[in-house]
Each structure stands twice: as structure tokens, then as C-alpha cells.
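Across the two complexes that follow, chain A remains constant while its partner is chain B and subsequently chain C.
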Partner chain A sequence: MIYNLYIYNKHGVCLLYHEWKRPNITAGSAMADQKLMFGFLFSLKQVVNKLTPDSGMPGFHACSTNKFKLNYYETATGLRFVLNTDPNCGDMRECIRYIYSAVFVEYASKNALYTAGEPLDNEQFLFALDKYVRSLPAFTSGAA
Partner chain B sequence: MSGGRLLSLYINNRSGGLIYQRNLSPAAAKLRDNDQLTVASMLSSLALILQELAPTSGSRPMSSLEANGFVLCSYDVPTGLKLVMLAEPGTQGLELLLKAIHALYADYALKNPFYELDMPIKCDKFDERLTRLLHDFTR
Partner chain C sequence: MAAQRPPYQRLGDVAFSKVEKVNAELFTLTYGAVVVQLLKDSEDVEQTSIQLEKMGYNIGVRIIDEFLAKANAGTCTDFKETGEVIAKVAFRMFLGVTVDCRHVVEPNAPADAMPAFHLIIVDNPLVDFVELPEHCSTLAYCNLLCGVVRGALEMVGMRVETKLLKDTLWGDEHTEISVSLKELVHEQYRDDDE
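Up next is the complex of A and B:
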């Protein structure tokens, strides 16, 4: 099951928040939730960098609790993608990379009317994103 | 049982303070004592923040982390004790290992009359049994 998606730019501005299912409504505002998520990613990255063995590559791609899994992808330009799924979804790295290369690049980066750093409200982008996510086998699997 | 090498073990008390740390491989990141304390307490708080960010209800704190250079498995005991194991990617059976380490903690630290709750674990018998357990795991 796929819950929601966050996209941040390198300055921590939330470009997009989209939810498909969210059984647990946050106590605070949506903005507070987005800021908390970015703060979490920022601090976790620091901890991971410290804990990575000298020979290993820094960076992380997923973390999970008993109820959900947070899948993370950071591009070389500093864009951060977070896709929350149920814990049994398997490796979602390819899916996030696809959202970046085939949806974000095609409908946001190549769009002359889109200013970098502005929230994404382009209808074509949202349509392409929704269509791709709904086509994933993970979208319906494990539905309660 | 395993498949990869174990890197390091951290045990935090219920307030997020580090009470035990051991590097289990020369490959493990070498942190100064101060950094170990910071990293351990950050792990405790980040695990709780992830619980807060959960899109579903009934979530517990972070139980695993997949990084490019290691995997982290965390076992939270209902009393608040937190056991964290770092290993090479692909290592299996970490949660069972942490449960076994918790049993050793209960037997050789908690039952030691000189051990004070929530204070750093300095018990020879615990060290000794832990070494034996980890040796059996990696064999």
C-alpha cells in the first residue's frame, strides 16, 4: 500500500505533498508535518554519515517501523523524495527514481513556466504522478 | 545464520543515554566517545520522530534502517531500553540476536547487585557472555 509522497528541494522547501491514503491524520498542521519530515531527514543523514564504515558509501534509502516504511531518494542536485509505503512493499528505489526521471524531469524541470523552488501545482505533473503510482503493484497490495 | 559481519552494538537507557557500546569489527566507523553519546541519543530521538511521522496509527519507534554502507536494527524493550545493532548490508537475524542480548542484560547486568539501573554497564560477566554469544552468531 502506498501512503504519501513528499518532494523537497535542496533548501528544504516542500515542493509537493500528495497523499493517497492516510488513515492517521496528523495532530498539527500539514506545514508542521512537512517541516518535521525534513528535519528528520536532515538529522538522520548526519547520523548515517557518522555511522557509515570508512569503506562504505554514505547515504540511506529506507527506514521502517512496524507499521510503515519510509523510502528515500536524493538526487545529485539535492532534490529529496520521500515515499511512505507499508512495510512489506519491498525495494521502492527504482519507483522513486522513475518518479524523478520520468515525471519530475518531464513535467516540472522541462516546463518553461515552472520556476524552480515554487510548489508544484501543475495539473499534468499531478496527473502523470497519480497515474504512475496507481499503476504500481505496491499500490493495491496489502490493502486492509 | 548471518551472511554479513556485525559492525557495532549500542544500548541506550530509557532517556536516550548511551549505557553500552562495543565495536565488533575493525571495519566499524571509529567514533570518539563524545560522538558516540551524541549519535546514540540522536538515534533515540529520531526513532521517536519517525513514529510521529507515521501515516498509520499504532506505529512503534523506528525498527530498522537501510543505509548504503550498513543496516541498523533496533529493538525497543517495553521498559524503555533500546538495543541497536549495526551490521553489513544483507545480514539476517539481527532482531533475534538483539533479543538474546536483552536476555543477557537481564541476567548479568540487572541481577548484578552492584549494577545501578540506567547507568553504564560495567559487568565482566555480561561482557564475557556477550562475546560468546556474538562469536556463536558470526560462526
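Up next is the complex of A and C:
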């Protein structure tokens, strides 16, 4: 099951938050929730960088609890994609890469009306994203 | 034969085969029309060159995401490799040509000097059908490319300086762009706790 998606730019601005299913509604505003998530990613990245041995590129892909899994993809341009799913979903990196290349690039980067750093509220973008995510086998798997 | 080619070249070919194409002549003529319009608007050759570079920069900051998403070029370990990737993969993917990358080592340069490379474009699609008239002989016609490289690299944390060194339109044998690294920019976050 796919829960939700966050997209941040390199300055930590949340460009998109989209929710398909969120079993646990957190208290507080959407803004606070997005900041909390970014803070978590930021700290986790610091930890990962500290723990990674010298050889090898640092970078984490996912972390999970018994209830959910956080799938993470960061581009060289500093875009961060966070896709939360149920813990039984396999490797979602390919899916996030697809969202980056076929949705973000096509409907945001190539869209002359989109200014970098603005929230992504373009209808076509959201439509393409929603269509892709709903087509994933992981979207329906594990549904209770 | 194909297996013996350097890997970057192959990556470039693959990327090129995946992207949408437009007619090369249409592209060249459109670019020409843009430059002519800029010249008319600004009435100044120097200003036009600057404007072209700015336009390129704005293209660069967007094009980089498409490049990263579609070219699968991986992560560069140093600036030298960045040069190779730009020359062999990026130029091939977006302009359909391969470019040579020459690494420049300044004689007497200190050991910690910032690296630089030159991109040598022999078969530059932008300059087909173009002649610079007398009063525009100093126009940096291909300055757009400098801007694209600068914009794209800035987005991945490399502040560079680019300059059009040679141009076939100036009577040189090829177009040559110098790219020199100025600064590696690390991530910074605004602390805006309310």
C-alpha cells in the first residue's frame, strides 16, 4: 500500500505533499508535518554520512518500522523524494526514479510556467502522478 | 566494435536514442531567429552576448534534471569526470553531437589550483548557415551553450566560469568553451523556526 509522497527542493521547501492513504493523522498543521519530515531526513542524512566508511558513497534508500517504510531518493540537484508505503513493499527506488523522470521532469522542469521552488499544483502534474502511483502493483498490495 | 567504445560514449548514444528529436535545420534556424531578434531589441552586440548567456543559464538550471533523470550517468568522482560526462553524454543527448574534452593544466599552477577543462565542438549544429556580418563580428553567437553548462553545473553544486574562447564564426577551426571550477557549493538550509 502506498501512503503518501513528499517532494522537497534543495532548500528544504516542500514542493508537494500528496496523500493516498494515511492511517494515522498527525496532529498539527500540514506545514509542521512537512517540516518534521524534512528535519528527520536532514538528521538521518547527517548520521548516514557520519557512519559511512570512507570508501563508498553515502546515501540511504529506505528505512522502515514495523508499520511503515520510508522510501527515499535524492537527486544530484538536491531534490528529495519521500514515498511512504507499508513495510512489505519491495524496493521502491525505481518507482521514485520514474516519478522523477517521467512526471517531475516532464511536467515541472519542462513547464515554462513553473518557477523552481514554487509548490507543484499543476493539474497535469498531479494527474500524471496519481495515475502512475495508482497503476503500481504496490498500490493495492497488502490492503487490509 | 561497439563494445570497444568508451562507456560514456555509449551512454550518450543510449540517451540520444531515448530523447525526442526535432529537425536540426529547424532548430538551427530557430536559434538564429532568436539571436537576430535579441540583436534588434538590444541594438548592442555586447549586450546580446550577455543576454544569450543568461538565457542559456535559465535553460541549464532546468535541463539538468532531465539529464540526471534520463542519462543514468551516475555520480562523478571529480571535475575531470564531469567534463567527460558533459562532452560525451550531455552534448550527445541534447545536441546529437559528441564533443571533445581537453583538460587544461596551467603551467606553474599551484597544486591546489581549481581544475578546468575546454569543450571542443567541431561539429557545432548552432552555426550552420550562419555568417556574422561586419558590425557583429565580436558577437559570441554560441554564448548560450556557455550559459547552459554554467546553469546546469550550478544546480549540482559546482560554481563554474564559462567562456567562449574560439568560434568557427570568428574564423577559428572549431568552437571552444572553457569551463573552470570556482567553488564547490555545499548544501545550506535556511533556519526559519517560528
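Going forward, the second predicted complex is superposed on the first by the 144 of 144 C-alpha atoms of A that agree within 3 Å, B and C clash if a C-alpha of one lies under 4 Å from a C-alpha of the other, contacts with A are read in each partner's own complex, and residues count from 1 in each chain.
Please note the rule applied: a contact is a pair of C-beta atoms (placed from the backbone, for glycine too) under 8 Å apart; a residue touches a chain by one contact, two chains touch by 3 or more.
Note that the coordinates shown come from a computational prediction; the quantities given were computed from them, not determined experimentally.
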Three-chain arrangement built on chain A, chain B and chain C clash or fit: fit
Partner chain(s) touched by A:His18 [first = chain B, second = chain C, both, neither]: neither
Chain touching more of chain A, residue-wise (chain B, chain C): B
Which of chain B and chain C A:Thr75 touches, first, second, both or neither: second
Which of chain B and chain C A:Lys50 touches, first, second, both or neither: first
Which of chain B and chain C A:Arg134 touches, first, second, both or neither: neither
Partner chain in contact with A:Arg97 - chain B first, chain C second, else both or neither: second
Arrangement angle, chain B at one end, chain C at the other, chain A at the vertex (C-alpha, nearest 10°): 110
First, second, both or neither for A:Lys67, with chain B first and chain C second: first
Lowest C-alpha to C-alpha distance for chain C against chain B (Å): 13
Overlap of the chain B and chain C footprints on chain A, listed as residue numbers: 57
Residue numbers on chain C that touch chain A, as the complex places them: 61-66, 68-70, 75, 155-157, 187-190
Chain A-facing residues of chain B, complex: 7, 27-31, 35, 39, 42-43, 46, 49-70, 72, 86
Complex interface listing, chain A residues touching chain B: 3-4, 19, 21-24, 33, 36-37, 39-40, 43-44, 46-48, 50-68, 70, 84
Residue numbers on chain A that touch chain C, as the complex places them: 10-12, 42, 57, 75-79, 97, 100-101, 104-105, 109-110, 116
